[in-house]
Every structure is written in C-alpha cells, then in structure tokens.
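Paired with chain B in one complex and with chain C in the other, chain A is shared by the two complexes that follow.
The block that comes next holds the complex of A and B.
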C-alpha cells in the first residue's frame, strides 16, 4: 500500500542495551550448545540461589523467563489452552500452565529451550512453584530439588530460618553433585559470590537512576533488562553490562536525555508483574499521558547484596514475596518517597495469588503513608484473556486526573 | 436405633452451631484460640489449658472480606476473614494461621488489619520436613506459637502437659479412623451424618468429641447392617461440607466409604510417635505426614494413595471436590486424573465454593456419574 517498511532498529553494539540483549540471546544459544555436548540441563526457579549451580558449573534455564517471553510474543493463550486440555484449571498461574504445556509440546516458534534433566525449585516467590515443579518432575520423571524458603511472618529473618535454609542448601549441593557428577569448590563459590554481588550492585545502581526527575529511563526498560538479572547474575558479562547501563544513565542525567520518549508529566510506581501479552498497550497508555514508570519492586527482587554465606541465605529469605506486609510495605514506601512517585498503579494479577492476596491492604497503607493516589486494574502476567483494555484505560485515566489535580494543588 | 439417631443429631447440632459452642466454652471461662486450616498444632494449644476452636469458614455471601482479598482467592480464606470481620470469633484470644499455601499466607497478613481485636499468631511449617533441620524448624514454629500464646493469654507451656494432650489427640485420631472404617458399611450413616461427625470435631474439646464418637461406635455396633446396595465412593479435596452437595450424594444413593478430604480424614491419619520430648513427638508427626496437596511430595504419592483407598474400600469411584481457586488441589487433580485413567477408576470432578448457591450443575454431574456406576 505504498508504506515503506521501517528499517529494523539496531542499537549501538557497544551500548548496554545491545550487550544485555546479547547476554539474553547467548543464554538461550548456550543452552543448546550444552545440550548438544551432552550436558545435563536444569530448569530453575527465578529466585533459586544461583550461586549453587554457578559454582558447580551447571547449565540451567528459567521457565518463568521463557513463559514471559512466550506471552510477550503472543503464544500465552495458545499454550495455556494446551495445559487446560490436560486438565489444568484456568485459575492456575499462567506461567505454570505455559511451562507445563511447553514440556509436552517441546517446539514452538516464540521461544524454545532444551527439555530438563533435573529441576531446581525455590518457593521464596510462591508455593505455587512447588506444585508446578512437582507436576513437571512427575510427568517428566526427573529429579527435583526444593529449597524451601517459607513466607516470613516476621520483619527480620530468624536464626532458625537461616539454619533451616542452610541445611537445605548443603543438601542441594550434595544432591546436585550426585545427579550431575560435578564437584563443589569453596574457592569457586567465593568467586561466584563476589561476581553476584557485583552484578546485583550494578543492577541496583542502574535502577536507582529512576529517582532523577525526569528519569533517564523508561521504567518498562527494567522489565526487559530483568531477564539478565535473573539468568546471568553470576557472570562477569552481566556485571559489566549493568555497570555500563548505570554509566549511560548517569550520562543521560547530565545531558538531560531519557529512554522515555515523551515529556515526563507524571511519575508512578507500577506494582506487580507486567502484563506481558499486553505490554505494548499497557506501556503506550501510560506514555501517551506522559506517565513514566519510575518505581518497581523488581529492582529489589534481583538485587542480592550480602557479605557471607549467612548473608546470602538471608538475602534469599528477604525477596519481595517472602516477607510480611509491613516489611513489603516499608520497602515500597521507601522507593515511592525516594523516587518522588506521584501515583500507584497496581496490577491485580490473576496468576499470582500471593502477590495479589494482600495487595489491597498494603497498597492502601502505602498510598496513605506517601499521600499519593492509588488505582488498581485486573490483569494477568501471561494469560491474555484476563485483561480488559477498557478497564485499564479507565483506571489509568482516573489516576492521571487525580495526579493532575494534585499538581494543581501542590 | 433411636439412640443412634440421637447421637447423630448431637453431632449435627454441634456441627451446625459453632457460635453457640464458642459461647458455651466462653461461659465456662475457657480461653479460646481459633485454629485456621491446615494442621494447626492444636495439641500445643490444648496443653496450655486453652481451647482450640477450628474454623474452615462457612457457606456465606462474601462482602467485607472483598476489601482485602481479590475474587480469585479461595472462599475458605474469604469466609474465615468475613466471619472474623463480622464478629463471629469475638471473645477468642487469638487465631493461629499456618502458611502452608499462598492464600493462607495472605489470610494471616490481612487478618492483622481486618480483625485487629483477635491477634494473629503465625505457624510456619517447613516443606522439607522429614530431615533433621526440617524437624528443628518445625519445633521452632511451635515455640513461636507457644511464646505468642503465653504472652497473649498469660497461660504457660509445659512439655509434660503436652505429652498428656498428645495422648488425648492420638486417641481422638484413633476414634475418627475407627468411625470412618465402621461408617462405610452402614447405609444408615448418610454423607451428611458422616460430615457432621468430622465437622463437629473442630467445635468440641477433643476428649469430649472422642467420648461422643465412642458412644456412636457403640450404637453402631448394636445396629444391624442393612442389605442395601449403595454406590461406594471415595471423596477427595479440601472440603465437602455444603448441605446441598451432601444431599445430592444422598439423593443419588452414594455411600462415602472413605475420604481424602483435608477437613476430614487428612487430619487424623498420623499419630504422634514416641520421641525425646513432647515437642519432638509433634515435629515427628508433621515430618511423616503426606498425601496432601499442601505438603511437598515430589512423588505425588497422593494419587496412588487415592487408588489404594479405592481398592481397600471396594469403592466404585472417586469424587474430586475441587474448592474453586485452590491451586494446590488444581495441580494435584491432573495427576489424580491420569492415574485413574490408567487404573480405570471412575473419577468425577466437581467444583465447590463457599459462595455457591446453585448446585444444579453438580446435581446433574453426580446423577450421571452414579447412573454410570450403578
């Protein structure tokens, strides 16, 4: 129709974005190379202590990352329906449905990854992980290792919890040595801990630039970069890429530039996992109103800073979904205040009972403490059927109007 | 026979009137601790001279709890919170809520703000429970409950007293298992009767309930077995206590011959063994518990356990009563379905919900199922 195809955008290969993209791509490429070489492949929960398998030199991949990628590329609904055909309820987490479906379908156009030889599960993000991995282990008849990190009803991690998790940590090493034939090295563990801390610090440093007004980044960038924070935290390449990202943001602040390609009129915290199947729509609705996402708990979720082994365990016990309402609230309140957030947009995520189950009360408390308006919308991280564009639009509009009115007053 | 019906009526009366039971105990100056599902360490509470009072919510319309829970959290949690907000537990000293599923974690957090008058006491269990470090962590969870209850109620804990309470609870477990074993062959015991016996256990001090069960067993032993052909069913799920559902089972000539219901037999399968201390005994018990959707089991033993229940009890099939939005049960269903297909065991899935008012779909499904088996 006379329209010229837009040339494909290719970022500067020396930019952080390109380097992060390369790490994410190579993560999948390396999996296939390892599989071809006959190495055992693990499927791993996003918040499983990666220091364990990095030290052992194991190759793992992340069903949560894969499910998000599949959903973002339009395959979420199709794979959810495959799982539902097997008898899985459509109320079950869509990541789990997609992953279980993929373990049966095995080849799809959106995002392939090798089938697993063993499973590494950690429930510090939810107990749903346990059920998902139990079913995979049963269906595929492969070993599963669970590091159980219970939900902490208290503000601080107790010494009893540290001892419990440490016992499992040591058992997991022994089991993995048996399964894979690889050997543990304390020296390598020390090195991996150093690299992981370096990556986490760089990730937190990069995300901290959201505090600038205007922010040098579109907050949705973080949701994309997060994949590398999950899959490559124990690698020097990831540390360097995040350090570069932080430098670029620093430059942007000096130059007054931003990856948010609009005037930043309002600054919000986006609570919850992205609606991957509707990422473009959800982001565009914000951008068109000059709303930038300048705060998300995701920054904290993959920033594991610690000094020693006990500290490492404590860090994994303190991930956002394993902590009580008061602790979770205070973490967010600090981000909202620090990043000069003007409104909260809360994703009530059908897939995530734990993240959504006390979100109403927590959000009310954050909004009250920070004196900012709050708007919620119903959605889903990966099942496209559980989202309404009209509702989202209305809720975002309402939030915008209050933020505008507040600006008139303040 | 009259005696039997009188005793059954007593179970029905208690099961249907938890609030009257609470009033009854409060009038005796008993301090009540509400026990949420699932596997709250009632023995500990009992040993401190407090009255453990169970709740699994109730069939009701949810209003106030909607301010705390989104609609896709199961109605057991929703209705427990709703009852709390509406004052159904007023007079209780505390509520103990274990965090064995994601929704239970949220119930505890919401409770603190929705029902500030009744203090929330968390019970944190390990999933890797049958290990030395797992048992230590279980004990740490109990000790946390003890410390909170000592502070809140002023009562104290003694290991020796816990031994005594454990014996009371072990005896109750035994009585409940015996009842289930007896009841399966007596067509006079309807699904509603069977449920009332189980449900009432949460609203009575356990030695009182054991005494009542023993009376029932005596009455049953004197009752002749009727030669009635019934469809023999094993039930499975979190709960199956809706009046309408139980009536539908009865209307369709169904005899529940065994159950794998969390509110029913799952409570009573494992006794506390002998161990160094009474707390060790409790931790050992939890370590060996299994075949439950909220207890980690990489072998998914619950599925084969169910098929064994069918064989042992000469059942015709399984009814899987799925509590809507209970993801642990939803995951297990697929594994149960597969093994039932392999072993050619008829399986019916029905979805239940504490807010359900229309049971016609369930009626049709059960009717078709029973016609197929009958």
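The block that comes next holds the complex of A and C.
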C-alpha cells in the first residue's frame, strides 16, 4: 500500500506569502507573454539599476534568480557539468556556469526563461559578472550594456564616482533606446523612483522585524522573498506585498506567533548566500537546534533608499558587494547588535570569491567587536558538490554548544 | 558510578571509561572509524579491560564524526566541546588546543573553566590534516610512526611549498627525483602541515598554555615545526588521542549529576 499523498499546502491567497509567490510566478509568465508578442527580452544582473528599464518599460529577467531556483530544485550539478564540459573551469561562480549552460541547453524542467536579446550587466555585484555576460554576449551574438561600478576601496562614495556612474547610466539609457526603440520619459522615471523607494522601504521594514525576540519570522523566509525584491522592486504590487508582509509580522509580534516553527533558543546571523542545493538540510539542521536566523546582510542588499538621482547612483555604489571591508563590517556589526545576535554562521562559498575573500577577516572582526562566537562552513550557493553535511552538522553543533555555554545552559 | 565517552573519528575509535567523573578506569583505541563496527569494538574492548559490564554504565556520550550513528549512546556532543573538556581535565592551564585528526585540523580556545570559547577548523581540503601525512607516507613508503625520528635527524628540511595534497604529492616526487634525502623531505612535509595549521591558530589567537591533541600529536616532527612556527612551547601527552573521548565521559558524568 502506498502512503496517502499529503495534501499540498496552499497559503491563504490574501497573505503576503501568497502575493509574493504570485508576483514571482507572474514575473516568469509575463516574460513568455512578452516574448510571444515579439518584445525584446533582456537578461539582467541583480543589482543593475532597475529604474532604467522600468522607466523604459522593458521586460527583463535575472539569471542569478534563475540559477538559484535551478539549484534549489536540484539542477545545479547537472548544469555546472554542462558548462564544465564546454571548458569552463569549476572555479568559476556556479551561477555563471549554470547560466552559461542554460543559454546553450535552453529548455530544462527546473526553471525556464526566454533567451535574451540584449544583456544588462553591472559589476557592483562582482567582476566575474563581466566575464560571464561577455561570454553570453559573444556566444549569443547580442549586445551587452555594462555599467561599471567598481569595488570601492574607500569608506564613502566620492563625487567623482557618482559622476562616473551617472555618465554611464545616461549612456545606458541612450543605448537601450537604440536597441529596443523605446523612449525615455522623465515623468515616468520620477514615478518609478517613488515606487522603488516605497518597495525598498517596505522590504526593509519587513526585514527589520527580525529584531524582535523571539522573531516573528524564520530568517530563511527572507531568502525566498528576496527574489521579488530583485525582480519587481519598481512595481506597486511588490510594494503592497511587502507592506502587507510587514503588517503581518507586526501582528505576529503582538500575538506571539512566528513563521519559525520551533522554540527560538538561539539567534544567529547567517553570512553569505544561502546554500540553495542544500537549503532544506541547512535550514532544518538549524531549526532542530532551535536556532533562528535573525540577521542577514541580504536584507540591506535590496533596500535602495534615495531622495534624488544622485542618491540613486550612490545607493547602487553602496551595495554590500561593492563596499570595503571596514564599511561591510560596520554594516553587519550594526545588524548583529540591533538584532541581538548570539552567534555568527559564515558560509565560505566556493563559488563566490567576493563573498568569501575577506569573509575570514571581516567575520573575525565582527565576532570580536560583538563578542559572539563564530563558526564557518564550506559550501556553494549553487554547485551541490562543494558541501558536506557532516562538516556542516559539526560546525553548527559546536556553535550551539558555545551559545549554550554562554547562557549557562550547560 | 561509571560513565563512558566514545570518540568515533574518520580513521579510529577511542573510548574512555570514567569512575565518579574523576578516575580513568580504562581506555581503548581501535583503528576503525566511522562507517565500521569500530565503535562497538572499541566499547567492548574498554569494558573487557576494566571488567565492567555494559549495564553498569550510567551514561554514554558519543563524539567525533561518527557520533550520530552510535546507537549505544545516550547523547552526543561535538568533538570541539569534548576536546576542550578532556584537555582541561588533563591540564587546567591550557587555553589553546591544536587538534589534528585524520580528517580535519582544528584550533580551539577554551576558558579557565574548560568551556569552549571559540574555534576554527580547516576548510574542506586535506591540507594540514592526518590524511595529508598518510598520503605522503604512502608515497615515501615510510610508516608515519617513523616520521618523528626522520624529521629530527636533519637540519635541512626540503621546501614543500604547496598545501594542496595533490600538488604536494608531485612536489615530493620531484624533490626525491632531484636527489633530496628522504628525511629532508619528511621534515619538509611536517613543516608544511605545521605552517598550514599555524595559520589557523594565528587567526583564532594563540593563548598559552598550548596543547596538542589528536592522532597527529604523536608526530614529534609536526610538534617541533609548530613550536617553531608559533614560537610557543607545545604540551602533549601520550593520551593526546583520547582527549575527545575523555571529555565525552566527563560530560556524561555531568549529565547524570544534573539529572540527580
């Protein structure tokens, strides 16, 4: 006798979760509709100023989101191997390998999206991104627009940097008008800036509820909701869904409920990208020990708040991946203190030189300043082969034992 | 009252049987680790040595990579906490433990109460672990047990600059091909492990006294090299390998105490 199938969990359609899920799904559906109508499709880096194409009314999608979805659904290893078979080294970011492989395979069961007609790249994420997009552009013979926002070795963004990026921003508009035939409108730009700010504020507001003790949310929720913060920041629907999410969290705080379905015994900061291929294992291991993720720099990563055009440029220069060690450390230290974090769990990500390079030293400084224990584990955000369950368990267990000892539990 | 600690590692299983939380009655070590029946064998051996029956043991705590799969245990703890506990019992002055096992290398900082304060482990790579030494021993066809005397017999260690096991392997082969003496190569290998682990230790911050535990602690060649790298003297005991199991037995005793 086979087991009875469990009824599929369907969230309340009026809940923020359902709304966010719908936006994420519609994002992909709309791409196909646009493609069928003969519209041009762009592939876009996650921290490319979305205000540009929102204003122009272009349809774009995000290879990083897609790669994460593919990895979470178990296809990361397969596509990485396709790229490696083409000669790409397994030292290259797994998102890049998956995306390059997808541009060749074109049809997979995990997550399809239409092939691009042009590429929008911005290296405030990392420099690997440039080569990844250049390869796509060459292979597919399509134009690529790059906004160069270099890693900032200084603490603050200089006027010169703003001017440098602004020039490129304006040039990107011109190029896109040429490529797609769409026209720029200043009024529309104003409106998009307003909506984007509204969404960002709501997103930051929702993520700020992690500070409550216990937190009304399981921090892993944010890693999922983030997809909408990336792909629909300039839309009213996203703003409304995040506002609703914040309201729900507010209610939960009042009622003492939480989406973290266990007793919250310990509060940690999870540093780095989620380990998508092993998301369930990594999250369950924490939950089984009563560890809730109450802090992640991701919350900040997609909250772009600004007052004017210069402010917008500055916000894109200040994304977490583009700032220097001291600045990155201070941002995190503030979160750790504010959210009453008791331990740091650092994902040393094989794929991502950027997220791993200064991680050792930065997390050491944060742990020292905040007087919290620190544990690292090896993993990869999308290549399943670079992770060991036993290692993860041991590191998490040791971290738990220190947190317990600090509380005098043992 | 008897409590038992068992440490099931990647290559060996170790047991310590404790009476009243302060007297070591018997110990055992079997060269068979996780995924084998090493755990059970090791436990039976320690019981036999001590002439104690299984039913007489009040509480068992398992540690090491095989800790989850040892069905005889009443509880399990990470080897980090257990090493800290065991070493503190053996020598309360110790504040830094350098533990090099078959599978990983770790540096543990503990406080004056023997409680784990912080730790760092090697990243997923065999460099700086017992496995690295095993691979080198196979290439050189020199048993690990002889590494100490060989390394100490030369003042001219070869330079093995690579920390990657695969690269180091070819480096060793070319050193030998170029006429380097085996003892010089062995000394170089010990230095290479030490420098890799010293890197970890410096990141955690070395606080004296420093103790070395784990299987590789028996290798004086690596100990000497570590002392030079870190500029501290490093304590070590013949029972270095048993510290995790000892800590587990101590925790088991505390568990019972707390319950009573």
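Throughout what follows, the second predicted complex is superposed on the first by the 406 of 410 C-alpha atoms of A that agree within 3 Å, B and C clash if a C-alpha of one lies under 4 Å from a C-alpha of the other, contacts with A are read in each partner's own complex, and residues count from 1 in each chain.
We adopt the following convention: contacts are C-beta pairs under 8 Å (C-beta built on N, C-alpha and C of every residue); 3 or more make two chains touch, one makes a residue touch a chain.
All values derive from a computational prediction rather than experimental measurement.
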item: Touching partner for A:373 - first (chain B), second (chain C), both, neither; value: second
item: Which of chain B and chain C A:402 touches, first, second, both or neither; value: second
item: Touching partner for A:105 - first (chain B), second (chain C), both, neither; value: neither
item: First (chain B), second (chain C), both or neither touched by A:390; value: second
item: Chain B versus chain C as contact partner of A:93, first or second or both or neither; value: first
item: Which superposed partner A:123 touches (first chain B, second chain C, both, neither); value: first
item: Partner chain in contact with A:360 - chain B first, chain C second, else both or neither; value: both
item: Contacts of A:348 with chain B and chain C, given as first, second, both or neither; value: both
item: Residues on chain A lying within both footprints (that of chain B and that of chain C); value: 348, 360, 378
item: Residues on chain C engaged by chain A in the complex (per definition of touch); value: 65, 68, 77-81, 104, 115-121, 123-124, 203, 254
item: In the complex, chain A residues that touch chain C; value: 348, 360, 364, 367, 373-376, 378, 386, 388, 390-391, 393-395, 397-398, 401-402, 405, 410
item: Parts of chain B lying in touch with chain A, wherever the complex brings them together; value: 67-70, 72-73, 99-103, 105-110, 112-114, 122, 124-128, 131-134, 136-137, 140, 293-294, 296-300, 322, 324-325, 327-328, 330-335, 337
item: Sites on chain A touched by chain B in the complex; value: 86-89, 91-93, 96, 123, 126-128, 130-132, 134-135, 137-138, 143-144, 146, 148, 150-154, 158, 160-161, 163-164, 166-168, 171, 324-325, 348, 350, 353-354, 356-362, 378
